[in-house]
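Below you'll find a set of structures to go through.
Shared chain: chain A. Partners: chain B in the first complex, chain C in the second.
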Partner chain A sequence: MDSQGLKPRLATIWLGGCSGCHMSFLDMDERLIDLALRVDLCSSPLVDVKEFPNVDVTLVEGAVANEAHVHELEIVRARSRIVVAFGDCAVTGNVTAMRNAFGVEDVLTRAYRSTSAVVVGVPDGADGMVPRLLPRVRPLHELVKVDYFLQGCPPSADEIYTFLNELLEGRTPTIRRFG
Partner chain B sequence: MSVKTLKIDGEMVTGRAGETLFNVAWDAGISLPRLCHVGGLSDVGACRLCVVEVEGQSKLAAACVTPVEEGMVVHTNTERLREHRRLLIELLFAEGNHVCSVCVSNGHCELQDLAVQLGVDHVRLRYQHPKRGVDATHARFGLDHNRCIFCTRCVRVCDEVEGAHTLDVSGRGASLKIICDLGEPWGQSETCTSCGKCVQVCPTGALYLDGASVGEMEKNRRFLQYIVTAREKREWIRKG
Partner chain C sequence: MTGRIEINPITRVEGHAKVTIDLDERGEVARARFHVLEFRGFEKLCEGRPFHEMPGIMARVCGICPVSHILASSKAGDRLLGIEVPPAAVLQRRLANYGQVLQSHALSFFHLSSPDLLLGMDADPRTRNLFGLVAQDPDFARRGIRLRQFGQRIIELVGGSRIHPSWSVPGGVARVLSSSACDELKGWLAEAYATVDIALTRLKQILDRHTEEVEHLGSFPSLFLGMVDDEGRLAYYDGRIRIVDAEGNVVADRLDPGRYAKYLDEASESWSFMKHAFYKPMGYPVGAYRVGPLARLNVATTAGTQRADRELREFKQRSSGAVCASFHYHLARLIEMLHAVEKIEELLDEPELKSHEIRAKAQLNRRQGIGAAEAPRGTLFHHYEVDDDGLIVRANLLIATLQNNAAINRAVEQAAKRFVRADGLQEGMLNRVEAAIRCFDPCLSCSTHALGQMPLSIEILDAAGTVVDRLARPDQV
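Up next is the complex of A and B:
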């Protein structure tokens, strides 16, 4: 991975998830210092970069739930050598996809029209401010090629560190859990 | 008693006539993956995970419902079988709503464990997200249809061990469903003895003790061994 003597370039991105996987990433605590010496964190919700750069590895948290996610995921795939489905939402759809059994209109009605307090109406996405929800929430691999699947809701800090360490050492990370 | 001699994974083994391939393999130290078989209950061949290759037969055979025959040559762990088993696990995940992260059995689930054991790291099939319900009408137990894989262990233990036959199966295909009595809410069942055996044999989080939260439901099946030993050997020995 480090053929030119440069540090491998790492990115993370947050699609339809709760950010719990990123919180778990931060839970690596002092091991983050070790990682910071070994990788360049180029783009992430934790890094203020506007344009997604070319990287070696991207951890993608969350399922694909709206039109913006599709767009972002396509960019991530095009610009990453290795794409990792980071956590259960990315791998299976998980909680994000539980709305699929109901249909998007029913879900929007329940969230925005049938509320007991303020009824603000359903954001329709027409003004481009809010991305339109997809009819069905999908795991990453339904849209793009995914190289590795890192399970867990969220994957524990230990699991994330072990996974990244295996990748950085040039080994193939093994599956230790499902869901 | 007639004895059959056969070969499983290159080892010569013997079994009694009428004994299943599954049990003979088990006695030889080969534990086949399974979700519907459980020692002490009848076998139905529902999950197909214990499929094996028998030389001379093009079709795969479910070991739990295939009697041993003289001279059989059986393979239990070929790449073809591993791929079939992986696909079966993926089919089960895609068919129901197994959201492991919010399941009472997360971390203690036979389906989840088998996925890891068989190397399933994602589901290649499209998730169906069926609209199923939860029967929470019983005072002590819950039935979450979303997590049911139709192994029918609960139906069999209710009938064969408890003798109540409260649980059964209705419908076919995608509309298959575990029901209580003639489809009443579980809490209104007149036949259920509230023994809880169904909960303990369920391989997933479909049946659970009321009040269990995420990851808290661990099944204990030792009662079954106790009852079966008592019935078959007339020995009333409780271990643990």
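Up next is the complex of A and C:
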């Protein structure tokens, strides 16, 4: 815990999703100002903290789609007291997992080899400049223990607020559970 | 010494990316590249799905501008049906599109970039964010949050939900807009005008303090591309493509967006999931062009609304030709917000907007459909081919940010060359490289999409790959 540390520490990250769950987080609108007083947003794509810190709660948007996501998720799990699968991509794989019906090579060929007039290279991860895609997109709970499942594509701002508020008040949020 | 500096991840942009900066023997910046690290493969994963599902699936390309994808997708669907969309549906789609421009630009300006602009490029990275802004200037931050809320509320009332509304469909829209919704939205207008005015005044005031950034965060000649109507006014829902060069000369005009493949193409490189678009007659990479707010203001003759036109005239005086400084994307974005609020006001007074005739129905009549619209970040194309049953056999998306890819790379390199020194590396230097990217408000969700937080470490390697120096962000020390 750092010097600001009396407030509960919240983090958000995105893996393979569309940012929509994060946008729904911002859709809390002016309630964000109230939230800023009550929690410390330690790490998030919205702030410039680049090293994932130890936190109380992390909202994880998106499915696990490439090797970097696996690594990220492991770090998040190790450093968060509570991990929340934030939105349907994290909960089930959702749209991100629709590519599972096809092989990785097919998907890359469709996106790069057969639609570009000029193919200088294909971003398959071979040169280490971009992460390799996993053969199958996976929901979070296939890789790590998930404490809460916040469903919806995206979950509504009201749901997010109610959920966080329950946690902040020290109650166990009662939400729809997956599985 | 040769070496490489890596900035990973780039923060306060939508999606995940990193920058690599290659140094020459003298330790000076030789090259810098912008790498997009995420990929979801929408062009493949939609194969075999009915075209009616496309707006719903394609919305999930991006949670920031889902309405743009829904519109381009529904318009491609309209073409497959070969019908005329009822006027009320067109009005609703236009209204939602302006709501989208407003909310997305507000996000870019207030939530993501104003911490750099108002708190300072060298401000403490721990508080250089929206919440730092809330602490320092609560009224301004609240106004920004509420302006985005207004844009989102338009989408919610028109489309039924703020993100991924299932409302616009091939043939029209699925919901009638109520009078009470229109009345509520009218109630927001005065505050929206006031907020945009305050933001414009603030931004113009700080431009003097940012002359270095204006000159070095991506200022270079290029082509600009955007849609305009037949009178050369800004057009976001339909219009034809105009391309101008750095001198402001019209290079091509009245191009049919439905024939985009005749004049636009893409190139792939192994070091980024984001492709590079180019203007075909000039080839790759010379034919690189810019899209989005700056490009649209450069191609448009006029905005077509009173207040925005006043600003546009002043804007165009910043250069004898096209305005080439990418830093002015910020200013262009604010002028577009003003225009959007004026158009929203205009549309809310259209009696036809609330008509119950909202959807034309037909069987599949064509095998190929292309839909285009101006998304907040630039021109967006969806292109579908279907089989006899209306199942997608081929889809191609030409996404706004991807068309700015070459320009973002140039901006990153220019900023790195100006601000980054390998000896005496400081966080603020790297933040300026990131700020160059933020000018474009890239949407990497769209062009591919996001990876989580990775530790930022900047390692300087020698030619043999040995680490000779390491710098961490303050929060890591």
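Going forward, the second predicted complex is superposed on the first by the 164 of 179 C-alpha atoms of A that agree within 3 Å, B and C clash if a C-alpha of one lies under 4 Å from a C-alpha of the other, contacts with A are read in each partner's own complex, and residues count from 1 in each chain.
Keep this in mind: a residue touches a chain if its C-beta (ideal position, glycine included) is under 8 Å from a C-beta of that chain, and two chains touch if they have at least 3 such contacts.
Since we're looking at a predicted model, the values are computed, not measured.
Which holds for A:Pro135: it touches chain B only (first), chain C only (second), both, or neither?
In the superposed model, A:Pro135 contacts neither chain B nor chain C.
Hey, is it chain B or chain C that touches more of chain A?
Ranking chain B and chain C by residues of chain A touched puts C first.
Classify the contacts of A:Met98 with the two partner chains as first (chain B alone), second (chain C alone), both, or neither.
both
For A:Gly16, decide between first (touching chain B), second (touching chain C), both and neither.
Once the two structures are laid over each other on A, A:Gly16 reaches chain C alone.
Just chain B (first), just chain C (second), both, or neither: which does A:Phe149 touch?
Touch partner of A:Phe149: chain B, not chain C.
Let me check the overlay on chain A: which residues of chain A are in contact with chain B and also with chain C?
Chain A residues touching both partners: 94-95, 98, 101-102, 153.
So in the complex, which bits of chain A are touching chain C?
These residues of chain A touch chain C: 11, 13-24, 26-27, 29-30, 32-33, 36, 41, 43-53, 60, 62, 65-66, 68-69, 72-73, 76, 94-96, 98-99, 101-102, 106-108, 110-113, 115-124, 126-127, 129-131, 133, 153-154, 156-157.
Per the contact definition, I'd like the list of chain B residues that touch chain A in the complex.
Per the touch definition, chain B meets chain A at residues 93, 97-103, 106, 112, 115-116, 119-124, 126-127, 129-132.
Quick check: in the complex, which residue numbers of chain C touch chain A?
8-9, 11-16, 20, 35-41, 43-48, 57, 60-64, 66, 107, 111-112, 125-126, 128-131, 134-135, 138, 141-142, 145-146, 148-149, 152, 161-164, 265-273, 275, 280, 284, 396, 431, 445, 449-456, 472-473, 475-476
Under the touch definition given earlier, write down the residues of chain A that touch chain B in their complex.
Answer in residue numbers: 85, 88, 91-95, 97-98, 100-102, 136, 139, 141-142, 146, 149, 151, 153, 175-179.
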